Every structure is written in structure tokens, then in C-alpha cells.
């Protein structure tokens, strides 16, 4: 009965990520898409915040958003998704919580 | 040649206040209106941030927004404005920077 | 059995119509007798604060809509405690009875619903 | 003498059309030969980052508009150093030459213009 | 599996494009879309008056084509649409406006249609913000 | 003193109401408004199709009345308006849309009108966001 959380806001200018990390359960998934993928950028303040409690949840990111922003994700444990994989993930989790 | 900065975003969910406080010059004015007036609420995290460096700038707030939100401003050094006073202030400063 | 919805309302009552539009989702569920609860989080907790005066902004009073919720069969309101604290509202009077939840209780709450709608 | 404008661009190039619409104000000033400079701040600094691929999102390349600025007579670009640092971009290559300013230099910059337009 | 997809931002928000690509992938995987529900600024996607520059993607037009091709049930919240100026023929007449501007393939209806969709479906995915 | 006022959010944003009250106070104090410039989502305020619930303030209608009463120059950025579906008669015809929906008293024009206003004025006050 785990939840898939979808984040899309800039981690620098919105509190979406911070709020989500407070209420994510063990085994939940977090999908970063849109500007939320900036939290994967090495050396950013957001990346520190994101990776501090990474043992509790599974981390995913929409590949097209990572690629568009030229973010190097080789140092982070994150699964990149195309749209078919994104859809499959929504089926796997019991519910989807889109933080908008 | 001082500047009047106008803030209107929630200090809890936006970075407007934080960014403004970095670039405000000595003698500048800050007008809080809309949800930005929440930074005047006693005991809030935003109030601490706002009042930490209050010696550098003049602090104003739109009275109707303070009143609507039932915020007690008696403990803070802030000038409450109606619209005629707001307009007069825009004349007094050399330029207005509306953070949107 | 009807599927249940947890509505997470994160917008201030002063941020245009966003909070009212979130609340309308709850009222619509109530009209169809569907199980829905509301969790107020982030700036959404400001919707619950008593003694506010929207008329000072010639604005409709959202708390009237809130107070209509029980008539629509929506009894369960929750509020994130840490969001109240952060805003200096830990001790404030709320317009409605809302259960104050810590982070772990919120995690538990989310797992109890078929759908989560965050607005 | 023409009045001068400092445009402060705070939006990411990926946040819909906000950044492009801010840049259009600069291009319009250039077309009329009016003095305008741009300061990139907050998420706006991401507009300057090199090697991005908007085509991955089937999106128009904003950096083409940026690179058109000198043709429109807009030569002065500034960027807030602390916003680069916060985003892990302190050492990154930028698409355009932009002068990196600390907070005090930004304070000084604002005072030099007749108008400030923050978007 | 049965999906409801809700669109909450206007057509030029990246999330509205993402919603479309997601919806396309849902059908491609053999799943079903019970309903697409347009709410908040998402109702602006259903305006027939949008004019997009030639060098940019017309996501509103792509949504409309996708809905038509797959005969999807595309519901636009009537209350949200009225206050944002998106009117069908009936509403335009009711309120004495010259011109309906709801694009073809969309229908105005109430929030009950969102809940009705949820009762039939198994997943709701919302796309809002940026 | 001479003001330019720019409106950047849609009519239901508190900032658009604030812009109106501010503009009213500018004139009441004997100052001059060179131009009101509607840009970004502010162009939606100039839609003639907005229908506001009776228990709520119709800020778009109030803006329109204020502009008419004071014969203000109210310019709506044409590029921003096209992509948000606000068209005058000329643009509706040009792009083959059935219905113009720009309210009376507003004119579509370019961003040059913002700069032209700034060159004539002494203060710019922008109202955007919430």
C-alpha cells in the first residue's frame, strides 16, 4: 500500500520537496519531473536535502527533464524513466500523490 | 536614490523575502502586501528572518492585508498603509521594485 | 464500497481562488455521499485560522464553506502540526475542529485512502 | 536622455513561458534603442547555463533569444553569484558573458537605473 | 488498468505537455482512460481562441487531437471555466456573451464528473503547477 | 507625478484587485496614469467572457469601468494575449477564430507600448503573482 509521489516544482523556490520528504513513508516512491529534477544537480543545496534521507524511499526522475537540463546523474542512485516506465510505475504503487 | 521594494508572496512557500533581503540597500523601503504580510505574524519563522536585519530598511505593510489576516503588529516596528499612503510612498522613493 | 479520497489542501485562503477550488472538490464529494477527508498542510493551514476578516479585502469568507462541510457529511478534518508551528499558530484557535497530526500520523493517514488529491 | 531599465529575470527557462516573456521585454527595449540591462537571479540564472537541450522537451531554445541580445544593443548581462553557488553552478560554463555580482554589487546596480522590472 | 487524468494548468505550462505525453503512454500500454478532467487553470487548455507561435508546440491543439482520435471523455469544470472566460454556446447565451470559445470535443460539466470518474477508475494522476 | 501600472496576473489574483485600488488612489491623489499595461496572465483580465459568481467581486468588470470612466490608455500585449486566447476582431479574423473576446476599452499592441510609457512616465508599479 505504498504511494508514488510526483514532484514538479523547483526545489530552490518552492517547498514541495521539503513538505514531501516529511510525509513520505518507507517504501514509497518519489518521481522528480519538470523543474524538480534540479534537486539531482551535483553540488546544489537541494541535492543535499534530497539525498540526506534517501534510504527511506525509491527515487525516480523523468529522463527527458534530466536530459533537457544537462544534469549529470551518474553520482546519484536514481532510476530514469521514459513515459511508458512512468505509467508502469503508477500501476505498481497503490496510489499517486501529485504535488502541484 | 533609494528603492521601494514591494513583496506579495507567502514567506513560507516562496523565496521572495529571502532574495529581497539580500539586495536591499540601506535606506530602502519594503512594503509587505498580500500574503507577504504573514512575515509579520508573531512567532512565525518568517518574522524572525524579517526582523533579523531590520535596522537597514524601512518596513511598511498594507493595512487591509494585515487586518484581513488578523495579524497583531503591535510588537513590530512597521508602518501600516492605506492606498493613498502607498501611492505617496511610491512617489517618495526613486524607483519601485515589485517582486512578483 | 465507494472509493475514498484524501484531499490535501496546501493553499492560503488569500491566494486567489485556489483554496476555494480545492474545497469545492470536497463539497462535491459530500453532495454525492462519497468518503472524503481533508488534510490542511503548508499555507493551507491558514484556512483554519479564526478571527480573520476577508471583508477587509472585499473577499468572500471561505470559512463559511468550511463550516458547511459537516452538512455535506464531511466530518474528518486534519491539520499538519508542524505547519501551524512554523507559522506561529501552534496555540491558535481554529474555526473548525481539526485533528492535529505529526509527520508519522500523516504518513499513516495517506495510506488509508484510495486516492490522494493535493492542491 | 532616455530612461534606463534594469530587468531582473528570476524564472527558470523551463517554467513555461515566463522567462521568454521577460526576455521579450529586453528585446523590445533593444528594438527601440533604449538602455536596458538584465540581472539573472534565483532560478533565472539557469537561463545562462550552457549545454542544455530544450529539444528533449520539444521546447524552443531560449538561449537563441539570449544570444540575439547583443544584436539588439543589449550588452550588459549580470548574474547573482550566490544563486549560481546555491544551485551547484559556481564553476559552470555560461552561454553568454555575464558579470558575476555579489549582494553588495547588486544593491549598487539597482540604484543606477530609473526603473526596475522584476519578473 | 483504469485511469483518470486531471489537468490543472494552462496549455503553456510544462505540466500540461507532460500530462499529454503521459496520457498517450497510458493508452499505448493498453490501459484505459475513463476521463480527462480539466480544472483550475487547466480549463484554459480548452479555449478555442489560443494562437501559438509557429516555432512553438501547440499543446492545446495536440490535446484536442488526442481526445478526438481516441474518443476520450474530456470534461471541463464548468465553474472553473466560467470564471476564466471559457464558455460553450449555452453558457455564452445564458450570460449574454457574444461568442462561445470552448473548443470542440470538450464538454462543460460539474465537479461531480471528477468523483464519478474516480469511482470507476483505479488511479488518478494530476498534472498541475509548472 | 506620471505613473505606468502593469498588471501581470489574471483577474482573480489578489494582485489584480490591488492594482485597481492602487490605480484609483493614484488618480485620487491628482497624479496621472500614462498607461495601464497588461502582460503575462494579466491579459486574461481583458477577456470579455469572464463570468464571476454573484457573491464575488468582479474585478475584471471593475477594471473595465475604471478605464472607461477615466479614459485611460489600456494596452494588452498582443503576443501574450494571442497565446492565452484573448483576441480582438482583427486577430480573430486573421487566425480564423469565430469569436473575438477582447473586452471594450482595451487595445492589443506590442511591448514597445510598455517602453514608450516608461519613457513618458516617472514611476512603474507592477502587480503580479498573488
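As written, the chains take the letters A, B, C, D, E and F, and residue 1 is the first residue of each chain.
As a convention for this text, a contact is a pair of C-beta atoms (placed from the backbone, for glycine too) under 8 Å apart; a residue touches a chain by one contact, two chains touch by 3 or more.
Predicted model only: the values in this text are computed from it and were never measured.
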Proportion of interface numbers common to chain E and chain F (over half same, under half different): same
Centroid comparison with chain C (C-alpha atoms), farthest chain: D
Chain whose average C-alpha position is farthest from chain F's own: A
Inter-centroid spacing, chain E versus chain B (mean Cα positions, whole Å): 39
Euclidean distance of C-alpha centroids - chain E vs chain F, Å: 27
Separation of mean Cα positions, chain E and chain D [Å, integer]: 34
Inter-chain centre distance, chain C versus chain E - centres from mean C-alpha coordinates, in Å: 26
Residues of chain F engaged with two or more neighbouring chains: 8-10, 12, 14, 79, 83, 124, 126, 128, 130
Residue list for chain B, restricted to those that touch at least two other chains: 10, 12-13, 15, 34-35, 95-96, 98-100
Junction residues of chain D - those touching two or more other chains: 14-15, 17, 42, 57, 59, 114-115, 118-119
Interchain pairs in contact, sorted by label: A-B, A-C, A-D, A-E, B-C, B-D, B-F, C-E, C-F, D-E, D-F, E-F
Residues on chain D engaged by chain E in the complex (per definition of touch): 14-17, 57-60
Chain C to chain A touching residues, read off their complex: 8, 10, 41-42, 82, 103, 106-107, 110-111, 113-116, 118-119
Residues of chain E that touch chain A when the two form their complex: 1, 3, 8-9, 14-15, 18, 21-22, 24-26, 28-29, 31, 123-130
Interfacial residue positions of chain F with respect to chain C in the complex: 9-10, 12-14, 17, 55-57, 130
Of all residues in chain F, those that touch chain E in their complex: 10, 12, 44, 47-53, 79, 82-87, 91-92, 95, 97-101
